[in-house]
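Please find one structure pasted underneath; my questions will follow.
For reference, chains read A, B, C and D in written order, and residue numbers begin at 1 within each chain.
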Amino acid sequence: MRIGIVGLGRMGGNIARRLLAHDHQCVVFDANASAVEVLASEGAQGVDSLEGLVRALPAPRSIWLMLPAGEITQATIDVLSGLLEAGDTLIDGGNAYFKDDVRRGEALAEQGISYLDVGVSGGVWGLDRGFCMMIGGDREVFERHDPIFASLAPGEGQVEKTPAREERDPRVAQGYLYCGPVGSGHFVKMIHNGIEYGMMQAYAEGFDILRNRNQESLPANQRYDLDTADIAEVWRRGSVVSSWLLDLISISLAKDSDLESFSGKVSDSGEGRWTVDAAIEESVPADVLTASLYTRFRSRTDNTYGEKLLSAMRKEFGGHVEV
Amino acid sequence: MRIGIVGLGRMGGNIARRLLAHDHQCVVFDANASAVEVLASEGAQGVDSLEGLVRALPAPRSIWLMLPAGEITQATIDVLSGLLEAGDTLIDGGNAYFKDDVRRGEALAEQGISYLDVGVSGGVWGLDRGFCMMIGGDREVFERHDPIFASLAPGEGQVEKTPAREERDPRVAQGYLYCGPVGSGHFVKMIHNGIEYGMMQAYAEGFDILRNRNQESLPANQRYDLDTADIAEVWRRGSVVSSWLLDLISISLAKDSDLESFSGKVSDSGEGRWTVDAAIEESVPADVLTASLYTRFRSRTDNTYGEKLLSAMRKEFGGHVEV
Amino acid sequence: MRIGIVGLGRMGGNIARRLLAHDHQCVVFDANASAVEVLASEGAQGVDSLEGLVRALPAPRSIWLMLPAGEITQATIDVLSGLLEAGDTLIDGGNAYFKDDVRRGEALAEQGISYLDVGVSGGVWGLDRGFCMMIGGDREVFERHDPIFASLAPGEGQVEKTPAREERDPRVAQGYLYCGPVGSGHFVKMIHNGIEYGMMQAYAEGFDILRNRNQESLPANQRYDLDTADIAEVWRRGSVVSSWLLDLISISLAKDSDLESFSGKVSDSGEGRWTVDAAIEESVPADVLTASLYTRFRSRTDNTYGEKLLSAMRKEFGGHVEV
Amino acid sequence: MRIGIVGLGRMGGNIARRLLAHDHQCVVFDANASAVEVLASEGAQGVDSLEGLVRALPAPRSIWLMLPAGEITQATIDVLSGLLEAGDTLIDGGNAYFKDDVRRGEALAEQGISYLDVGVSGGVWGLDRGFCMMIGGDREVFERHDPIFASLAPGEGQVEKTPAREERDPRVAQGYLYCGPVGSGHFVKMIHNGIEYGMMQAYAEGFDILRNRNQESLPANQRYDLDTADIAEVWRRGSVVSSWLLDLISISLAKDSDLESFSGKVSDSGEGRWTVDAAIEESVPADVLTASLYTRFRSRTDNTYGEKLLSAMRKEFGGHVEV
């Protein structure tokens, strides 16, 4: 297929590359001209404006947006919606909030423009491994873009077949799923990230307890100098906690099991927060996913006002002095 | 009554003072001779050894231990159990682990020595306000020491009468309670402290959110410069969250609403940890009490190994650099 | 002062009564005519429509809304904003979301109508105890309504004076506080409720652990039949966890310490959820306040899909059968 | 090697089978004679008593215990320690508490009997996949039993090689690790299980939020009927949350995405509890691992006393009736 791609950062560039490698034609644009040049040198057709992008695509057009933040995505859609025609399709592969998708999808539908929201997982590994995709929008529009998704997806690979799935859509096991109406793709991706936070925190706490088992204050015969790099590696084979994240932990700890190059101040992105919102909207308890988010908040601050207030209370009732 | 008191620190000294003020005779001992002298100057009979203490008390003796840590309490009991006779009573008013009480009580019972475990709440305010006491041991031994407990307890005070308690032991509303067999006094006190942790943390989080409402990143019309000292004070009257802890918060914030004299590194004592143990033993979920404990752990460390591991994973899968 | 009151439910009716008792003139309206009649029989001037209410008040008018839900409040404001004039004031004493206040305040300001948002705590006890109030809006508008707030507030009462507050607004210690611009009153009340959730949950967990100490599976000498009613009562005097909520617990347990009349399915209102939103907006960890909310969610459902999924995993990897 | 195996349940039987398949000689015993018979028919030498087992093994003997509970393990070790000689080795492959290992190891050492504690992960899949093993004890004893561990371990398999591990013990990447002194094997396995709880709970919460996205109360255009079976499957390829547990979720949901055969009452075993103990011992916050444990507690009870107390408070302060 011929497709336009807007946004050639870490993710967007690799999406273009993987599509090129599967013999699709990509017309690419980025605010950063040198990013366009690089992709042009790899076989894409570079353009220097959104107008140029629209002109370079025959109707009905398909344009994939892969932009880092919500404001830029919205601004880009605002411009494109003035340039596109009924029958064209916008695909947002970024990490949009699903309620924004719903609003955008409804606004574009009034102009006859189709909208697909695609949650994309795989990070920097996607170029080689393929991208796992969760897709929302009209089913018919999804089907029309199947060649794109099929090329981007990882395929079955070495992963063992799941029994009892013979009567289901075989594309799911290729790594892409049509989830439902507009917004559902990003909703599923959002929960994916929420789970990711929880899994990461589970490993983090476990390895923290392992690492701290050499504390002086512990009884000598219950104190161990454990090798976290080896532990991560051994769990990769045959254990219940094996996972891709564990593979990455093992890679990282093999390089530096002290993790000295990291400050421990951990960012969070919108998905973790929106997951908590969704849980609350549905009255579903999400203790672990929320605690994972809060741990990241705490990691980025010094001692909090709340903690100081604890000391203040302790001083007042017990005369405990903590300075 | 005539009673021995061992340990004249912040709590033990005030217990002696309150008993003296209620016309009890106190024979007092502390490893620190000057602490003994001070109390002697206030009307107590000072002694310079545990042997002296036992000699100065007519049988059947009653000795109240008010020692800061479990090891010292155990060592003192070990010595005293060699000096005391059948019919004597040991009272531990410290913060012992209830399982240690059970063990000690059984060992002392073999010698005919009675044991009461008394959980004492009230902190440095107890001298004036009186001490709230939760008492475990044989009921008959408790009854025999009623004059001591009656004097230490706060009494009904200004606190409003609870309806439907007419047929219950009126001493409960004086501030002291016979809880049950050995260990139950400290068990109830332990849970008291667990609840205390949870309440303190609830206030801490709430005031933290209030305080942070002036963040630059918030929309200007949803950003407030709130006066936490005034908020604490206003809640003291008529609100659902009024409490003695809130009174203390108000006192503290009136002095310095920035809490600049506190580092925010918050200690925890055994009770919070033992409360979690008890919850797990009983398979009772205790999310809030446990989270309160963990917050204190976190307050005392720099960024954790676990947090660094989160950054390490983020770097591996997403190329995110957090240093 | 002469004031209109809309909404004569549990809270609104008592606000009218307390104002009448302090010699204010109340013009009252409720969709339920019999509620109007009752108040009229107690000295208020009843009206049968919002139009009638506005007619019965001389300009500049002040109207206090005390309505149960956001939709009704909004609908009422929509009608009233068509009837009121520049210089009039609307006061919302309900539990509105502070962001709705901001929006409403800005819309009304365009018409020259003032808006105060008043967070009111005190529940059904407010008629006698007085209401604790947190007030947002223009300071000048707040000052103009001071007589109303002074009458509704509890006053200093028996509560001990906080030191170091001599140079502060003495009205705070009467139980009402001007918090800041529109929205800040409900913001502070929202956090008040968030803290309330946390404190309630701290007590709930503690009493749960006390109650379950009689489990058969525990060692006989570490098993206690604790009297939770007496424990609540004894903690009211001299302990660190004394609070008004504890007073209520004691009242409730004295009537029925088994709590057999309760199912344990616990509602939550908007404030608990909005508190979590605010924490996330500010990147402030709120572990305890959030866990308290989730506990209520869980209390209202049977076993969750998530829990079934845990069993499903356990069956797959370990052959554990849980049906 | 020639090795004795005590305990032929789900795990022990498969361990014997896998050793037999790798040409080791197994002398097997179980309290259940028919379990012995089955293994005997598969090539093991069956015996009908621990005495028989010891007689059937030439010194220095190696006996692997694979028993379901701590009491039985202890009782068996008590008997065996009376039968074995200096130079023999006991291997405990069950899920013992590491502090019990330390105690046992020290007691056996006094008799000259060696002790290895082996944490074994892999569940019912171990026969085919191999068992992941974490091993504590003297390094020399571990080395002597290397042939056993090498046969039980999964081997490198299809799992991708981790870079930067060239200079490390290659056996780790085979799936078995010498962790350190006695107790460290079970300590690492305990943390493994703690992490497992956290990961399972992360998935459980995420799938719960997905499943509940079809609630009537949600806005129609933000409500989705999501297919959890397909979502699990699609995440297996290329996503960040792929794992062996997710493979199992996909298997389970493909069979019945409603999970109707499960009650949702979820058991927990000692490891989850001990992990919390270890975290507290080390003052390491473990919010997620602990919340995962508490969720299981809650899943097994009806509404708690604590929840009823919440309703009781709400009734007292707000007149809210929840029955």
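Rule of thumb we're sticking to: contacts are C-beta pairs under 8 Å (C-beta built on N, C-alpha and C of every residue); 3 or more make two chains touch, one makes a residue touch a chain.
Note that the structure is a prediction, hence the values are computed from the model and not measured.
Looking at which of A-B and A-D shares more C-beta pairs in contact, the answer is the pair A-D. Look at the contact of subunit C with subunit D and you find the same residues on each copy: over half of the numbers used there are shared.
Comparing the centres of all chains, each the average of its CA atoms, the largest separation from subunit A belongs to B. Chain geometry summary: the mean Cα position of subunit A and that of subunit D are 31 Å apart. Our note on geometry: subunit A versus subunit B, Cα centroid distance of 47 Å, whole angstroms.
Listed for subunit B are residues 123, 125, 201, 203, 205, 208, 212, 240, 244-245, 251, 284-287, 291, 294-295, 298, 304, 306, 317, each touching two or more other chains. The part of subunit B that touches subunit A in the complex is made up of residues 10, 123-125, 200-201, 203-205, 207-208, 211-212, 244-245, 248-249, 251-253, 259, 261-267, 287, 291, 295-296, 298-299, 302-320, 322-323.
By the touch rule above, subunit D contacts subunit A in their complex via residues 98-99, 102, 106, 121-123, 125-126, 129-134, 153-160, 162-165, 168-169, 172-177, 179-184, 187-188, 191-199, 201-203, 205-206, 208-210, 212-213, 215, 218, 221-222, 224-227, 229-231, 233-247, 250-251, 254-255, 275, 278-279, 281-282, 284-289, 291-292, 294-295. For subunit A in complex with subunit C, the residues that touch the partner chain are 240, 273, 276-277, 280, 283-287, 290-291, 293-295, 297-298, 300-301, 304, 306, 317.
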